[in-house]
């Protein structure tokens, strides 16, 4: 399985804090941009998944901060599907700046219905994500 | 009419940017905290208003930044109902730090239904906001 | 004077609130992206301006919300230099979605030094912004 | 060692996303509020630590999301010093709502100087944090 996507993000002024670097909470938002763009590259949109009645709340997240990102840096978010079943999905991320890894992390999600109750996502969606279905 | 409320907010680290002051976008969020607490002091909750099917999207906002707010400052947000009809409401704000006004501003809202279509809010709610109904 | 720039922004999930639309505070951040990209198109970077010891804190802002922006919408931020002297700059913005104007607004800034004391910015920088100097 | 602090936070409208719950990135900001208030309860301020030339950038963070937080919920952030040496500090957090644990997590920090180079923090500061020095 090799479901990987790369997307670019530029650090905004509002993303920084008075330490002069991107605030530590921003990376979870950038991970989200990464996974949404990975889905889009597979022909899916997260908006479409929600319109079909499925949600992907985060149940666990982890982040290792190796180097700081600074204002106006252009970051590359590399997102990878580490595991995907009809019940849950695990994504892994690597963020690069100037060719160096600055952050690694993961998010784990369950599939739920509109009321945030766990459910199974259709096989066809999994097939689209994993590239086993066209 | 004298519908005024004061509420305190402490500037968080994530609220600052690399200029070493609170980011200019934060004040709109603090205005929101101010108006929610004003409603609560009138015996209303914004959550309750939404549960009843009414929303208050912002249609206009203005902010004058007189002095910067800094990390860990305790701000006082003074919120005032400047005008309120069954169709719309105008709120005015003054933010103090150490007894000095650092920001003034306003927001104007329309009342809408769940689908964000303009609607009239019940007289009783207006009465509660303006203090003419108990 | 015709100093205009257009830049695209996609609405992120974290930008929305439970009203199902982009939170009203996000537009100030998007205005910031717009003005930074306008400067970049003029051969200037805001990072470079700060490195040279000049800051542009916002002293006033105004926003009119005509239509909501929704998750995953691609917005076009059109930024314009409305006025620029050695002491201050006024920017105006228009945000489009699907060819319709959804938000208009402005920000006014003073030029300051590192300690946020008002100062005069060099003529050459003004010339670069206004396109009268190469 | 029993260095624990509890602080309350109310979920703001801007903290929610269109899933109708607090956005997953907010918890890192709330953890920050928790650790700042723990320090304050020990007679230290994070502002004072920075003024003395020490910074505490996050090098690792983890979050388990057990239940969602909703708009206007009042959360209790319980922060605990799990480990503290002159080089680094590990904090653990538990967030409660209505008496139930909704999120657990941790952050790990190194002590650095103004240029974000690792350094040793004075014994007296450690003593203040751990309560072994008055």
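Residue numbering begins at 1 within each chain, and the chains themselves are lettered A, B, C and D in the order written.
Following the convention adopted for this analysis, a residue touches a chain if its C-beta (ideal position, glycine included) is under 8 Å from a C-beta of that chain, and two chains touch if they have at least 3 such contacts.
Given the structure is predicted, the values throughout are model-derived calculations rather than measurements.
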Next item on the list: Would you kindly say which chain has the C-alpha centre located farthest from the C-alpha centre of chain C?
Entry: D
Note to self: Per the definition at the top, count C-beta pairs in contact and tell me whether A-D or B-D has more.
What the structure shows: A-D
Next item on the list: Determine the centre-to-centre distance between chain A and chain B, using the mean Cα coordinates as centres, and give it in whole Å.
Entry: 33
Checklist line | Averaged-CA centre spacing for the pair chain D and chain A, given as whole angstrom | finding: 24
Notebook entry, point to check: Centre to centre, by mean C-alpha position, how many angstrom separate chain B and chain D?
Noted result: 28
Check: Which parts of chain B, given as residue numbers and ranges, touch two or more other chains?
Finding: 13-14, 18-19, 21, 25, 29, 32, 71
Check: Of all residues in chain D, which touch chain B in the complex?
Finding: 12-14, 29, 32-33, 36, 45-47, 71-72
Notebook entry, point to check: Which bits of chain B are touching chain C when the two form their complex?
Noted result: 18-19, 21, 24-26, 28-29, 32, 50, 55, 57-65, 68, 107, 116
Checklist line | Touching residues on chain B, where the partner in the complex is chain A | finding: 13-14, 16-21, 23, 25, 71
